[in-house]
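Both of the next two complexes hold chain A, though its partner changes from chain B to chain C.
Presenting the complex of A and B:
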């Protein structure tokens, strides 16, 4: 057996309150859900902790449901569940599309939304789509005997490289999608990796547009990228450049593309180069806007 | 921890550290060495098994999460009398194996697919097997084998269709 996994301890609570009590302890365990990221580290001998908190028996972290304010996706929702869910395919089909781009079937069966967000990789596949969907993260913690919950908008959740706004005693319990982002908005997503499956992205992009009916103008846009900054990131300057433009406006696209550099700070690493990433990020924006606006952008640049 | 699980239809137990990989429990504790270790990071699929019927990479699953669940490994695909699973039979007939290291994972992944999809397209087969790497680069025969196995499993596939005779 690789590493020194024999020495690792695990707690396996059945109730959220017990799990949160363990996180409030000074000898704080590291949460594990599907293990698809964690076991890569463990197998390389990089154990992030000595004690772990197995979330696999917490039913309170499962389920996809409609709420008065939108959709609530339990933190343990797997990519396979997102792909299979009628609710998701009807109300946020871009999430099912994203889920199909993660790893391959065996990874999709195990990897969870909460796991990816908690892991906070800048190359997360779900994070850009969830940023475009204006998602929030529901966090829970123990306060004495009570369980207290708070919502953090995803665009304020990633605060640094693999660093989140969650306190060490807080657990991600759900991902919340507001109705305001589900009705009247259209989304497109694209991941660029070395191959279609089992790839960590070189660039991943998601675009959401709210289109006014008449005249057909972009009322608002949300654009988000992965693998283009130390965290998954919104491209706010580009978003602002699109507002009020026709979705087919070449000038609007060019303005937005030129402003991507305000928010994107790609680096050279083993998966790609900064130059390639910047070029592809721009082309992805054009192609996703094209898909949403119903035209084919030229590929002359 | 005292791990109890059902492996290939039989109840088994083992005293193992809870974070030990399911892969190592199968190979070291239960002596089921058909499941292979390739990359140890969920990329190659050599360690694929079914956990409650779902395809997983056993190098990424802690033993504790397999407690009181059913595991199917390559050893459990053939019938107790030794007759091959239609997927194994098809790999045999179509030449869907070269060096053999990826084969147990390929078989397990393919079984998971043909048990779900009656008529998988080539694209679906390729998507389903995208997490299983063959470095002999023999994917074409593997895809053909899976398609043949799916055909063989369809109702009435064994029976010979009466030939229509033109009069």
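Presenting the complex of A and C:
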């Protein structure tokens, strides 16, 4: 490991209020949960901060529970917990499927939902699935003696490359999944990484469809991608093109694919090329719609 | 699958067959239990930490080096080229052309070139001090594209028969251009050395290396000191694959210079990132084929151009090129061959030895090309190869008549049979009809690899080994061949035990130390078993003869351990030598014309064929290798399990090079020097590998053995890429065959596919 670890300071609060007080401080520490991103930087001698706020003792950030409005997943929920949770597997199985595609077992044991969202990498594995699930993040901050909380829909949370709508004194405490997105919707997800495991994504796609009362019609769609823009993004133009169509409608799918370019702005980087990403984004949409709509995708052209 | 075994001079005579059995690996338990000491594990009291200051520019003039170390200055030393020259050192890494400096002087020729060295008591202090060494550069325009480079490191050529006439009379001519990229060794242990200052007239360096006497020669030259003043010892080494053939010369020299400067031992340990960006890689290359065929699909003429990217300094490039050129026409019969090879200079870190040493590059080109030739000629790809593979006694491109060349055909037949090639192809066709977005395909490659140094290299090396009598009827092997994970120590003990008829446990082995072992040459070129192992067998026969004479019994009979101990004691009491030595004797009578490239390029070749089965996902263009079947004639497996490990490991490394491994460079610097972004195959990507080991003994190898370390690396990539091309009915002419390249080729194959 490069750099001088002894020069780093780590705060280890046990209560949320203490943690938030530290974040309100002028010498603000950098929150660290599983550390799966931060340790990479530390190992390369690029410590992003001198002070760290270790969240591992904050029990208020854990737990998966049903609430009147849907599901509440503590920010420290790990991928391993998502995979193992019966609640998740019953109500949002696509999240468990996503969790299985992250890194390796060791990474799944340490990496957290809150950490990934706070890190705001465009290549985040969970972000596209959570966007498709219409998730929101719950943020908390200290206001004098009080802890104040607010809720930000995920599609307004990512505001730029590795930039979020959270203020520096705010901590992500939970991820909220609304019931409206869990009932009557079907989801499919696929990550295309640099290899089949232990990989950072080249393209991630998540698709949710609400199939209307009259079957075979798409009442609403939510389509989200990772690694296709400076932030994880919704492909809203494509979503609109599908609304009201039958999932088997080739014309609808073609229209949706054509409109992906409105929202997706892939680039060439170390891991892949813009051309490949654009091509595969379209083919993934075709394939995921096929899986959800119960038809064979027309990829063999 | 062993065919009839010819009479071989070194066939086992012992009651217990040690050779050919899976005896426990020598250093296996030490490694498994964590007791093995790698260089980073050495406890060196008082040692300082070394850091290398490297150039950020691919090419630049060095205007000045300032070293205002501030508060850390009192506890740090800095060494630059100027310091080195002032101290009367020779700033040259001694290898072939002697053009590479230990430290850049006045100019830098590649990014990450070492410009200064720093040592301080701790890593943190050393890093802080290194950050305060200010180098001012004037950047110059670098040459980064080897296809446009003009400075030539080395050329070589093969001319056999009349190529012009062959092309003039051809029924068909097929051309193709093929490109391959860098490959990083990614050995599990990065480079590292510990050097001590001169103590009692001797400088000691210990570390991770393949070739102790290369390091020894480099340090002798650097310090201008006699051989006995330099001592180089290997520590347990976590893999090499060629990456620790020449680069450790540099690391050792740097560590020794720092130890000299601070008067203390210095540890110079690279981390993964530094090792990846700064050390050698496989040579990228472009190979152009023009092939003349007769009406029956026989090879009439082969015209091949091999161009390799040598990087900024010559290092080992000339010998990589010559091996590439000699193997460029493959294991095929062709009376008229013209091969032109060139390795050029670019302002990139020097490329070096990597398992295969030029052969994987040319094997990929030729085996891809032959699929294209078959298609152009309307011939089945198997049939094309079968018609053209060498038969026993036929000649290679250098005109070498190879007695067992027909083993290439046996390997092909065995690979086809084991893979059920034709039936599998039919099954794939059915599968592809049933699956809209998956495509399966089969690929084939035939290849060969010469054992030992090219041409007269072994004669010049004149390797020497020794056996030493120990107490209690034991014998110690003294050789410079290193254990780098491949099993050197185990197979050496087996060979000696078998010749003497002693139990395996009675033969000891050591990690080489130049103060203790004779120079048996570098651990490279698939030479450890066939060359060094053979000399060891000779030494063991000599030892047997000496002791047999001493006790008056006929030689060549197995010893019991007690009899052996008694004879040894008698021998030593009578003032007999404790050591028996043996030298390379060119047993095969190999002879090679190094200016015309004619003759016996190698004493022996190992022959092989590989079949790969792949599935390509048409959604993502990702390739899954479903299976690799490889049949390889290796002469004799001294240790079948270790041999299988070599074959499986090499094939896996080939799958990585075929599909994933790609160095992304920006302005001449490796931009993906982390294992996160330089993609190696993991267990999931490692296909099931089925091996057919053919054992047609090589008369001059120990117990018939040939070299196998590199062979499997040569043919895996073309087999996999041929399978992808087969699955998608596309042309692929560049490695690695990433999903991005496969997608582009798939789109290019039919223009109507290019839509939103």
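The rule is simple: the second predicted complex is superposed on the first by the 297 of 301 C-alpha atoms of A that agree within 3 Å, B and C clash if a C-alpha of one lies under 4 Å from a C-alpha of the other, contacts with A are read in each partner's own complex, and residues count from 1 in each chain.
Assume a contact is a pair of C-beta atoms (placed from the backbone, for glycine too) under 8 Å apart; a residue touches a chain by one contact, two chains touch by 3 or more.
The structure displayed is predicted, hence computed values, not measured ones.
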Partner chain in contact with A:163 - chain B first, chain C second, else both or neither: neither
Which of chain B and chain C A:197 touches, first, second, both or neither: both
Touched partner set for A:276, first chain B, second chain C, both or neither: second
Of chain C and chain B, partner touching more chain A residues: C
Partner chain(s) touched by A:284 [first = chain B, second = chain C, both, neither]: second
Partner chain in contact with A:258 - chain B first, chain C second, else both or neither: second
Partner chain(s) touched by A:40 [first = chain B, second = chain C, both, neither]: both
Partner chain(s) touched by A:59 [first = chain B, second = chain C, both, neither]: neither
Set of chain A residues, in rising order, touched by both chain B and chain C: 1-2, 6, 40, 44, 196-198
Touch list for chain C against partner chain A, complex: 124, 127, 271, 273, 436-437, 618-622, 624, 660, 664, 671-672, 674, 676-677, 679, 681-682, 684-685, 739-740, 743-744, 747, 752-753, 756
Partner chain B, residues of chain A touching it in the complex: 1-2, 5-10, 12, 32, 34-36, 39-40, 42-44, 52, 54, 56, 80, 103-107, 109-110, 196-198
Chain B residues touching chain A - in the complex, by the definition given at the top: 17-21, 24, 28, 40-43, 45, 48, 54-57, 59-62, 64-65, 109, 112, 127-128, 130-132
Of chain A, residues touching chain C in the complex: 1-4, 6, 40, 44-45, 190, 192, 194-200, 202-203, 254, 257-258, 260-261, 270-273, 275-276, 279-280, 282-284, 286-287, 296-301
